Each structure stands twice: as C-alpha cells, then as structure tokens.
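In order of appearance the chains are A, B, C, D, E and F, and numbering begins at 1 in each one.
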Amino acid sequence: MRFVDEYRDAGKAKALSARIAELCEPGREYKFMEVCGGHTHTIYKHGIEDYLPENITLVHGPGCPVCVIPMGRVDDAIHIARRPGVLMTSFGDMMRVPGSGGNFFDSNAEGTSIRMVYSPLDALKLARQQPDRQVVFMAIGFETTAPSTAVTVLRAAKEGIRNFSVFCNHVTIIPAIKAILDSPDQRLDGFIGPGHVSTVIGCGPYEFIARDYGKPVVVAGFEPLDVLQSIHLLMLQLAQGRSEVENQYSRVVPWQGNPAALQAIGQVMELRPYFEWRGLGFISYSALRMGTGYADFDAERRFELPGVRVADPKSCQCGEVLKGVLKPWECKVFGTACTPETPIGTCMVSPEGACAAYYNFGRFSRDRVRRASAR
Amino acid sequence: MKPSDREQRVLDRVERIRGRRPVVREKLITLAHGAGGKATQTLIEAIFLEAFRNPLLEPLGDAAELAVGTSRLALTTDSFVVTPLFFPGGDIGDLAVNGTVNDLAVAGARPLYLAAGFILEEGFPVADLTRIAGSMREAADAAGVRVVTGDTKVVQRGKGDGCYINITGVGVIEHQARLDLAAVRPGDAVIVSGPIGEHGVTIMLARGDLDIEADLVSDTAPVHGLVAELLGSTDGVRAMRDATRGGVATILNEAARAAKVAVVVDEDAIPVRPEVRGAAELLGIDPLYVACEGRFVSFVDGAEADRALAALRRHPLGAQSAVIGRIAADPPGLVLLNTAFGGTRICDLLVGDPLPRIC
Amino acid sequence: MCLGIPGEVVEILAGSPDLAKVDVSGVRRAINIGLLAEEDVRPGDWVLIHVGFALSKIDESEARAALEFLEDIGRAYQDEIAALRDSHID
Amino acid sequence: MKPSDREQRVLDRVERIRGRRPVVREKLITLAHGAGGKATQTLIEAIFLEAFRNPLLEPLGDAAELAVGTSRLALTTDSFVVTPLFFPGGDIGDLAVNGTVNDLAVAGARPLYLAAGFILEEGFPVADLTRIAGSMREAADAAGVRVVTGDTKVVQRGKGDGCYINITGVGVIEHQARLDLAAVRPGDAVIVSGPIGEHGVTIMLARGDLDIEADLVSDTAPVHGLVAELLGSTDGVRAMRDATRGGVATILNEAARAAKVAVVVDEDAIPVRPEVRGAAELLGIDPLYVACEGRFVSFVDGAEADRALAALRRHPLGAQSAVIGRIAADPPGLVLLNTAFGGTRICDLLVGDPLPRIC
Amino acid sequence: MRFVDEYRDAGKAKALSARIAELCEPGREYKFMEVCGGHTHTIYKHGIEDYLPENITLVHGPGCPVCVIPMGRVDDAIHIARRPGVLMTSFGDMMRVPGSGGNFFDSNAEGTSIRMVYSPLDALKLARQQPDRQVVFMAIGFETTAPSTAVTVLRAAKEGIRNFSVFCNHVTIIPAIKAILDSPDQRLDGFIGPGHVSTVIGCGPYEFIARDYGKPVVVAGFEPLDVLQSIHLLMLQLAQGRSEVENQYSRVVPWQGNPAALQAIGQVMELRPYFEWRGLGFISYSALRMGTGYADFDAERRFELPGVRVADPKSCQCGEVLKGVLKPWECKVFGTACTPETPIGTCMVSPEGACAAYYNFGRFSRDRVRRASAR
Amino acid sequence: MCLGIPGEVVEILAGSPDLAKVDVSGVRRAINIGLLAEEDVRPGDWVLIHVGFALSKIDESEARAALEFLEDIGRAYQDEIAALRDSHID
C-alpha cells in the first residue's frame, strides 16, 4: 500500500532509533505526550517502544474520541434509542463503550436498534431508505470528524429529510491540551501533535504551546516511521534548545488546514459553553453542538433527554490516564476488574484507548519478549 | 520497588486472573457471545462445558474423538447463520458442507457422513432452497461425503433469517497420530495453508451496507485433501485447526493456552491478499481476526517444517502456504507478533467480532 | 484519534461531482470529496480518507522529500554499521 | 357405467396421482412445510432427497444406518424450535435430548453420543440458557448419553426465537434384526406405547393464546429403555417410529406407503387422556395428528403381539401400551380407522399442522 | 365426555339402522340434504353411511361457512392485512382458503400478519394488548357465530377501543336453503336441519320448507346417533306422508332459539342487500354487515377495499357440490388438480367442506374397506 | 356448520358475571355467558360452547328423554336379534 508500507521499514527505523539514542543526554528522562489515540494505537501495534531508549517515555494523551465520552452521554444515546421507531447509528467504536447500565450491544440485547455505520452519510442513507423510522446519528470525534457530520447535515437539509437527526458529541482538541498543560501534576518535554485533526485545523493552533509553554510540538503521521521521526525531531529541538511547531506529516497536513472543512463546521455547529469530558471533568468551550440554524437536526432538541450526569465509577482512574499522569497499569483496577471484556473505563474500550492498547498489545515484560521473539 | 518491577507484578496478577474459571457476567446474550472470541469462550466454558462436562467434550476441539467398536470416529457439529446466504465464491450450502468437512479433516479424520438440519423462515423462496441444496450436494461430492439424514423446521416470519443450516459430520480416524493442541511444544513451526481473511471480508462487503467493492471471493473450500497431503508427508504434525470464526489469531491463542506455550508469529510472513488488507485498513480491523473457511493452521515439529510446507504447497489449495511463526516456551499462554516494523506485541483474543472503527 | 487511510482517486462520479471512487489496495468505495472542492481533485490523485470523506489531498512532492530524508538517514546508518563492522574485523 | 364404478375409476386415478413424484408448487416456504404432514414430505422428497439422493438417505428413517469399520451406527439429527421454551413437563433442553435419543432407539440403536448446536437470539437470558443446559444434562444422564461436541451461534434480535437447538445423535446397532417400515406385512399388529397427543396439546395450551387450562404435562421421555424391553421380548418387531410431528396418524401413513399395505386402526383402542380429548374437541382437532415426544408406534408380527405388549407394559413408560390395529393387504397405502361408532373411514396425512377450527 | 359419548354407541346405531332399513320402500331412492357442513363432517368422520341402506343418499349442503366465501373476499382480507400496522385475525378454518393469489399462509409468507384466534374476544384482546396496531377480525360463519361477533363489537364500543374492526362475512342460512329449493335441478326428500344455527334462530324459520315445499325437516345434533336418528325421523315422516319441522336436538336447541343472540345481531349488524356466495352467485339479503351505528368498527369502511369480484376458476364445480347436484368425486378436478394440498375450490379446504370430508375420510370403495376393516 | 361442544359450568367468575369457567373433559376456559343472561346459568349447568361463547343451556330432561328413546330402540333391537338367534337354534 502506497504511503503506508514505505513508512513501516525496519531498516530505517533502526537508523532513526540510533539517531534518537545519540540525542539522549545520559541521566535525563524525556517525557513526550502523544496527544492522539491513533498514535497510541500505532505505538503499541507496531512495537515502537522497542526502538526507544529506556529514558524516553511516551505518555498517552486525551485524543481518543471514544475515551472522553462520559457515561451520561452513552446513557442519553440509549435513552433516545429506546424511543419507539428510533434507529440509532454510530461508529463501531461506540458499540462497547460502557454506560451506567451497559453498552450499546447490551442495549440491543434488551431491544433497541443501534447500528454501526461507516460514515454519517450512511446514516443519512438509512433515513432515506426507512422514512417511517427516526434515524439518529450519534456523532463523536474531534475536528477531523466534525466536518463529515456537518456536510451530512447540510445534505439532509438540502434534501429536506425530516427523519434524521444528530446526537452531537464532537469535541475540540485545543482546550483539552490546554487543560493538560495547566494541570499541576504534569511534566512533559514535548508533544507529538495529532496528524489527522491537523488536516482540518492546520498547525497554527499549536503555536501557543511552543510560545507560551515552551514545549516543542511535532505534528506527526500515523505510520510507525512517522512517529519515530517525530520523536527524533522533538529530541533535536530539545538538544538545540528550540520550542517550535514542526510538521512531520507535511504530505498530508497543510499548514493552514482545510478551510472548507472549518467553514462547514462553523456553518452547522456552534461551541458549547462547556462539556463534560470523561475523567477530565467539565472543560469550557471544548465541544460542539448543532447551531440554531440546524436545530431541527439536533437530536438533543428532538428527543427529551434525561441529561443526567453519571459519576465515573469510584475505582476508575481514566482521568489520570487521559492526562498522562498514570500509566495504564498503574490504575488500581487495570487488568483485574477492568479488562476489554468488562471495561470499567472508556480507555479500555477503544483500540485507541491507552489502557486497551496496552492491555491488548503491550501487556508483557520487555525482557521475556525479547527472548521469545528472537527469530 | 522499581517501576518495571511494579509493572511486572501487575502483569503477573493480570495473567493469574485470566487463568481463573470463566464466569458469564452478562444477564443477556449479545452478539459478542457468538463471535468466537473471549465472550464465546467464556459462554462455552462457563455454561456448556460446566453442564455437560465429560472427558470426550473437554478438549473442545474441532471434532470430538469417539471410540465405537474397533473404530475411532470423529464427530463435529456447526450451525451456519451467514448473511447474505449467497455471496461471491459460495453460498450457505457449500459453506456448511465445507465447514463440517474441514472440522473433521483438521481433527485428522476422513469425512464420511453428514446430517443436515434446516431451520427455514416462513417466506423463504423455495428456489433459493433448491439452489442451496444443489450447492450442498456439489460440495459433498467434491469432498466425497454423503448427506445421510436430515431434518427441516419452519419458523414464523421474523423468527429466522431465511435459512439456517446445521451440519453434523462423522468421520473416521485411520492414522495413528494423536492430534491435540495440547501437544504443541517449543520449537514447533506454525504453518498457515493460504492467504487469510478472504471469507470474512467477502461476507462483510457482500452485506452491502459498507458500499465497498472488491474483486474478492470467499475462500470456502474443503481442506481434507490438503490435510491428507500434509499428514502423508510427515509424522511431525502436532495439531491442526481450521481458521473460522475469530480467525487465525484466535487459533493461535487457543494453542498457546492449551499447550501452555508462547506462539511467536512474524507479521510479514502472514499471507494476506492486498484487497483483504485494503478493506481491513479502511475499516480499521485486523485480518488476523477475520474468518477463513478454507484455511487451516498446523503446528508441526520444527525439524519437519520444510517437508510439511513442501507437501502443502504441492496441493493447489495450499500453494500459498507459509510458515508464519514458531512456538517458544515463554511467556506461556501468550501469542506474540513480531511486527513488520521490527517491534513485538501481544496478539490477544478479541472480546467479540472485530468492529469497523474510525479511531 | 481518527483513522485516516490514503487512497487513490480512480474516477470522479458523473452527476455527483462531490463523489469520487477511490481505490485502497484494490478495494473501492465512493468517497465524498466536497471538502476538497478547492483542490481540483482528479483521477490519479491520492487523498486521505476518513469516515467516507476525503480530508486532504496528499502532496506527493512533500512525501518524496520526507522519504528521501528517511532514506538518507538509513543510508548513513548502514554506512556507520558497515564501518563499525569493518573496524571490528580489523 | 354404474355410479359406483365411475366413482371407483375416479378413486383409482386419485391414488395413481398420489403415487407420482412430488413437486413443490409453492414459491415460498410456509409454516405447513414444517408441520410434518404432506407439505413437509413433499418438500423433503422433492428438494432434499432429489439433491442428496443416496441409498443411505433414501429410507428417510428416524436415523440413518451406517457401516463404520465393523460397527453398524445410527445417525439422526433434529432441530428443536419449540415455543414456549419452558412448558409443563419439560423444556426445549430435555425435549431435544429425548427426541434424539428416541430417534436412535426406534431405529434399534443404543444411543451413545450427542452433538449440540445452539442458535441463540440476541437478548436471550443467560439464566434460561443455563437452565436449558442443565435439563439437557439431566436428560442425557437419564438416557446414558454424553454431549461430546457442540456449537453456538448468536443471531440478531428478530432473527431467532430465543433459543433453537439442533441435536445430532450417534448410536450403535447391536442386535441382528433389520428394522424397516417396508418390512411391515399383513397380519402384523400395531402397538402404541402410551396415551397420545399429550406433548402437542400441552404446548398449544402453554402458548397461552387459547386461554385454556388443563392439568396436562408433556409426555417427553427417553424411550430407549422401553424399546430395549420390547426388542428383548420378541424377534417379531418389524419396525418402530416415535410419534412426533404429525402424530400417530402420520406414522401409520408412512408405514402404509412404505410397505404398500393397509393399516387398520380401531379408534376405541387408542389410548387418549380425557384432557387431551377435551382440548381436541374444543379446538376441533384430532389427537391422532398431535405430536407426542415420549411415545412410539411399533409394528410387530401378529403372533408375537401379546408377548410384545406384555413386555411394553412391564416398563413404567409403557404401562398404557395398547394394540391399536393391524395390517391388512388391501387397500395398499391407506390407513383405515374403524370408528368407535362402528363405521370406517380413511385417516390420511394432513397438509400442515392441525388447525383449531370453528366449523 | 357427557352429551358426546352416549351418542356414539355402535349398538344403538345398529338398532336405528335396522329401523331405517325397515322404512325403506323397495326400489325407491331417498335423498336427504344435510344443510350443515358440521353434519357432513360427522357423517364421514364416524362412517355413518356404513349404517345406511344403499338407496338412501346423503347430499351435502351449503352450510359450511368457509366453503361459501368467494375468492374476492379472501383477496380483500389479504389486501387489508398488507396495510402497514395491520394484524389480521380469523378462525383457523380460514387459513387455507384460497384467494386468487394464495391463501393466508401464503400471504404471511409474503409478509402479512394473519393470526388464528379461537374467539372474536381473543382478537379484541390482541387489540387491547397492541394499541399501536390495527387489529382486524375477519368474521365468518352463519347465525351461530354472528352473535359472538356482535357481542365483541359491543364490548369494544363500550371500552372505547379504537384499533379494532371487523371484516364482516357473516351469512344467513335461510336464503341459501331457499335458493337450493328453488333450483330446478334439485330433487330432495327432506332436510337434516342445522343444529347449532338453530340454537340462535330456533326451528320456526324452517317451517316454510315443510309448508311451502312439502319437505320434512329434522333439526339434528352433531353426534353420529343424532344424525342417524334424524334420518330415522325423516324416513318416518315420509312413510307417514307427513312434512313437518321436528327437533331431534331438543337437548340443545330451544324451539324459539336464543332471543338475546338475535337481539345482539340486530343491534350491531344489518342485512346486506346482496352478497356473493362461492359457487352459488349473488343471493339477496343473505349476509350481514356492520350497521351504521357501528360503522367505526367496520373494516370495509376503515380500509379502502378493491372489492374486485374474482371469478371462480373455470374448472371449479363447487357450486354444484354446494347445491348437492354433484357428489364431490363427480367434479372434474376432484383429487387430481384439486386436493387438500392444492385446493381449487373452498369445499376442499374446510373439514366441513364436502370435497375435503370425502377426500380425507371417505375416499375408498366400500367393498375393499369392508374386507380390510373386519376385526 | 359450527363446532359446538358441551361443557360444564364450574364457576361464575367474580367481578365479570358475563364470564364463566367451563370444564370440557378436564380442560377449562373462561366462556362468555352473556347470551344466556335470561337463563340463570349456575355451576353444574351444562352449556353448548361455540367460539368462546355459550349459545344455549343444555336441557338435561330433554337429553334424558331422547336417550331413553334411543335405549328403547336399542333394547327392542337386541330382543329381536335374540329372538332371531333363538329361532335359528330351533
């Protein structure tokens, strides 16, 4: 696969690995946060940590759309799905996210119809095909995904489709990064910037990190060499005393982002004054809802919602994991009460969730693995 | 304590918990219980094995081995509930026959007889049933087996999905080898008999709701001839499994658990067709967990691996067979994947079906 | 955060200029390219696909430059390894 | 020509047409195709027998008889789709085990092994599944058989009905007799092993939509012990059948057709519990067509009938066994019923299920 | 079973049989019509003809509620059942009655919900239980059944149940008997009168038969001795030159019928000016429909009906069989094209239908049977 | 024309005087007796049941009389047969 396979080359990885090692000051600990869960997934899936010296630690960030959905929103979605005639749709990622009374599969087992779609346009298609049902699309995701929802709503409006609405849970990445930077228990040396969200918002929005907080940011692609090279670029900035925003992923990310996509979001949606993030609590202006011009497509207005705030389970430490304060295995319930089969927190659900990625891919000791995997 | 020691302590505790007796926590059956992953295993072990426990059932193999008179018989059963019923490369009829033939074959048996049970939904077209029966006959002829008994039930509209078929197969075990996943041992080679995931991806696309097109056909095929080729070439075969629900990764995990060994697989040795990979990337799923219906994994004495591979490749169905990994002693119970990129990771069981994802 | 896959545009769909058939390793799907209206997407172009939408056009010259850089690093490393090996032989 | 001769000519033509190769005229499957009557027979013969035709299948018996090594095996399969799943006297679990044990027993086999395939509907309570598995185990223990292999599928809500179970049974035939419906001959006695129709009426009432109450329980039971008693008592047993779907009348018709004989039954000799009769009168159905799940019909050399009956009655399950009729040579292929009133009528196959009627 | 078993006694049957034989004038042929299909069923089911001398012939009449339903009405019912949300109900008898495009089972196979009920009250119960569906009860039957439908409608009205309606196909027996009496090709010696319809209408309505047409009528019960005794009573009347209405079934049938039942019919229903009977064509004032006071419960008004008159298949001779002009086996398609599996006419469907009764129970030559059945 | 079955009233259902529990050979169902409102139906009475409604109350004296008549005919017949047999023996 072009633009994929060439970035999975072990030979080049070894070379980058050597360059990174050369840049390590002895005795110094380096902590980089990959903001995006996609990077977390890449790191574990390809075994990137095998190429890093011991004193570089990758800290998993909040950029997993599923992990930040609070329980109350899952409950709200199930509440809507239980209304007669409703066909709820969402991405496969949402199906196993726990609400307070079970996930979407459990809800379907009790009688709802919650179906996976590949694209919000597919949800709209279902609405067209089944005019006697209320089709609701539960939208999740950062700015990467929001334009698709916006374009779908524009299309529904243009076609005059009345049985379609969006349960909007889009969030914005910058306020989350800011919350982490402002968190007192955080000590990071730099950021691996989210590649795909940057195709939409561009690289400019990260400049405050370099400027105001003095931390380097490298916007990175999602193949393993992309990540490794980004770490190299971060190490170079640190070695040279720089703190800038760099774009490792320039083949895909234009510095200015995608103005048409931003325009679509702006036309259809508006910022919420505040939104609850799982584990992180309420963050101001950190999420989107349908704008007043598209209120007809707003499932929150079409269906009465209980909107009950459900507290995270006491034992859940997702907030600390999402802020990068705890490693997944440091959570008290990791792998015992909280497993992919019976997740307590959302981070154990999405393949992008730090706990799930670590549990599924990384749950073993380096030493034993090195012996076992020798070819 | 060092962080890495603390981590190791947590991981040891996790592994201990994974070894515990399974409990079904859900109050209601969900689709995950049928997906062939962890939820299915838990259901089977906690409910069925618990209720029916006996030494013949306990191996939970593709087929049970039974002594009748002086013969060793293999018995296997499977229900087929595929949607759509007709798909590129086959239909529920040949799928059902091949699936049963394969369970017998990988248990080391020569397939002989089939019993077929149909659960038809009111409103199912008789013409489709005729076509399915025809495919079954063709598949049975190809595999040299006969349908000797059957049963037909009709359920009300809305209580079925057109046509469900259960097939039970009876075979005879004629060779001396004791095939058993628990017999797999360090040093053994892991061989897959062809490219993986074609059936599962074909079915996903054939459902039509993803709107994805590809020139893919199901890999459904009877593997008994290929198995015979393999068993004839060497005495070093420890065990075989056909890679159906849950895909190759699930089988590797079953072997790791049954034999208390580590299975170490090389990602770049695994044959995957580009279209399968393309669809998998687009949907965010891993072909290792996608069902095949004409592929099996064999665990073969490492010293015999070349001979085994050569035998498999001689057969048209096995032309793309490949050694994809080997067995190590430690860490027992885990499957490790050496990535093409040069890293290593766990390759665990999934809870349920691999789900298309966006993140 | 968001799964994005590169695919090659093989056809702009007649009648719906917002839709293009895109090929990913032999599998094809109609993808909405409305967000790249300014970019003049044509067959042969590569785009990044996310949830059925093309989010950006892949810049092949940027890709080539980046890859060359990686190859340089790789080559330099090979040379060093070779030198190291030679030095050991000595 | 006299009217009675003209009538006879018409009737002869009718019988010739009934003997013709069956054709499924319907375009879509209806519930009648699953009811065990004419529609089911036509479907099986026109589609399945046509597609799978082979000498082992052709007898279409309760179980196929197979030679494996030096052994004679019996193989049978049945899917159970009963509603409700739990009913007075049993549940789908013991019903399924007993039904399979019985098909083996009446084929003259000693039941040994079962293969169980579950098709569960999303949303099915795990507690119910556990209960069903428990019943299966108890029934298996009672019959001395073991569940040695299985399969579980889960289908979407609305594509199943809680729980469908397929069971395939394997038994061994150890006696020398060749049991075969075609071996039934004039002079043979027809014996039923107990009161008829209790299972079917219990299920109808248990569905609740008729709002009829009765102290009735299903007759579900394993008959292998009773069969052993019978086979041990005489060499005169020609054939046996368990009276499931379609009831006793359907079996009698199968015998009449297979052996080309007339079966003559005395209505007042047929054991029917008063509650079964009451429900049947209220609904306008005939108990002769109602399913039993623990009764069988045997055809026994007339000279051995007393001995056979005595043997059956010695066993608790057979205490109410009765000779209900005998075999005559003419008219071949028909079942005649001597009514309690002293008349005689045909007792033909039904098209589908007996339907409650008002006129 | 009390009031059942004592009327199935073979000893008494032999006695009656002997008395009947004694009353036969040598060389004379006797033809009695059993009006009611229930009697046809009894006759075949118990083998009553075995007790009759050769010169008494029983002719099967039109009193089978299912047999007289024309194809167009079955089609109409299916048309209603196809409307979204409709749950159609009827008695089990209707399920296999052929319409022009198949019967109710075929229709269900294509997607409708047509369910059997034991009582119209059960249909009303379904309406109560499933308020979001339109429950329609397809009412069939003579005056015996009409009061049940009427009481059910009264009850629905009282409870204010809005999602229940009746597709009314009730017919009245007297006009049918009159049509037969007026048919030129008919020569009957007397009538076995319908017992259960008489519980409602009483015995008076038959007096015109005795008075105007000079034919004896004996209202008869449904056990085999009832029928045999009725034949005896008919033979006695003939022997004595009488033509009267007698009530053999006095244990059940009051001479005056059931005034409450007649009142219920009158309150809820009204006579149709005409109605098509299968095979017999249109008969004036021979059927009932919902009265204007209960128009809300009339499915014919609630759902638009095509109301297409579908001609009987050319080969079908049900009309002649229903009038007693042909014996079932004299129909050209009997037992070949028309069988219970593939009925062409309605008489082959209901267990009361003459063709079905003869096919299922009586299809064999007396001689062969006598030999075979000898105990 | 219409299936009708005799059943014995075992209970008038409290609260719904239109409903009675009726027993037919050991099976019971609630039957609407509203059409017999004038007849003062009580437990022990027998009624004719059709589609869940009682259409008439069975008149036991009429039944007894009819049966006696049948029995007389039967007895007379037996006597004749016996006489006939005796005459043959002679």
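Just so it is clear, contacts are C-beta pairs under 8 Å (C-beta built on N, C-alpha and C of every residue); 3 or more make two chains touch, one makes a residue touch a chain.
These figures come from a predicted structure and were not determined experimentally.
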{"item": "Chains in simultaneous contact with chain B and chain C", "value": "A"}
{"item": "Label of the chain whose CA centroid is most distant from the centroid of chain E", "value": "C"}
{"item": "Most heavily contacting chain pair (counted by C-beta pairs in contact)", "value": "B-D"}
{"item": "Distance-maximising chain from chain D - centres being C-alpha averages", "value": "C"}
{"item": "Chain C and chain E, separation of their C-alpha mean positions in angstrom", "value": "79"}
{"item": "Computed distance of Cα centres, chain F from chain B, in Å", "value": "66"}
{"item": "Computed distance of Cα centres, chain E from chain D, in Å", "value": "33"}
{"item": "Gap in Å, rounded to a whole number, between the CA centres of chain F and chain E", "value": "22"}
{"item": "Multi-partner residues of chain B (at least 2 other chains)", "value": "26, 28-32, 122-123, 156, 210-211, 274, 277-278, 281, 284, 357-359"}
{"item": "Per-residue multi-chain contacts in chain E, two or more chains", "value": "1, 4, 9, 14, 37-38, 64-65, 91, 108-110, 118, 122, 141, 145, 225, 352"}
{"item": "Shared interface positions of chain C, touching two or more other chains", "value": "1-3, 24-25, 50-51"}
{"item": "Touching pairs among all chains present in the structure", "value": "A-B, A-C, A-D, B-C, B-D, B-E, D-E, D-F, E-F"}
{"item": "Residues of chain A defined as touching chain B within the complex", "value": "1, 4, 8-10, 13-14, 37-38, 44-51, 64-66, 91-93, 95-96, 105-106, 108-110, 116-118, 122, 141, 145, 224-225, 327, 329-330, 334-336, 340-342, 350-352, 359-366, 368-373, 375"}
{"item": "Contacting residues of chain B [partner chain C, same complex]", "value": "205, 210-216, 273-275, 277-279, 281-282, 284, 357-359"}
{"item": "In the complex with chain D, residue positions of chain A that touch it", "value": "108-111"}
{"item": "Residue ranges of chain F touching chain E (in the complex, touch as defined)", "value": "1-4, 6, 8, 24-25, 32, 34-38, 46, 48, 50-53, 55-56, 58-60, 62-63, 66-67, 70-71, 73-74, 76-78, 80"}
{"item": "Interface residues, chain D side, partner chain B - complex", "value": "24, 26-35, 40, 43-44, 47-48, 50-52, 54, 56-57, 61, 63-64, 66, 68-71, 73, 75-81, 112-113, 115-127, 129-130, 133-134, 136-137, 140, 146-156, 158-161, 164, 166, 168, 170, 172"}
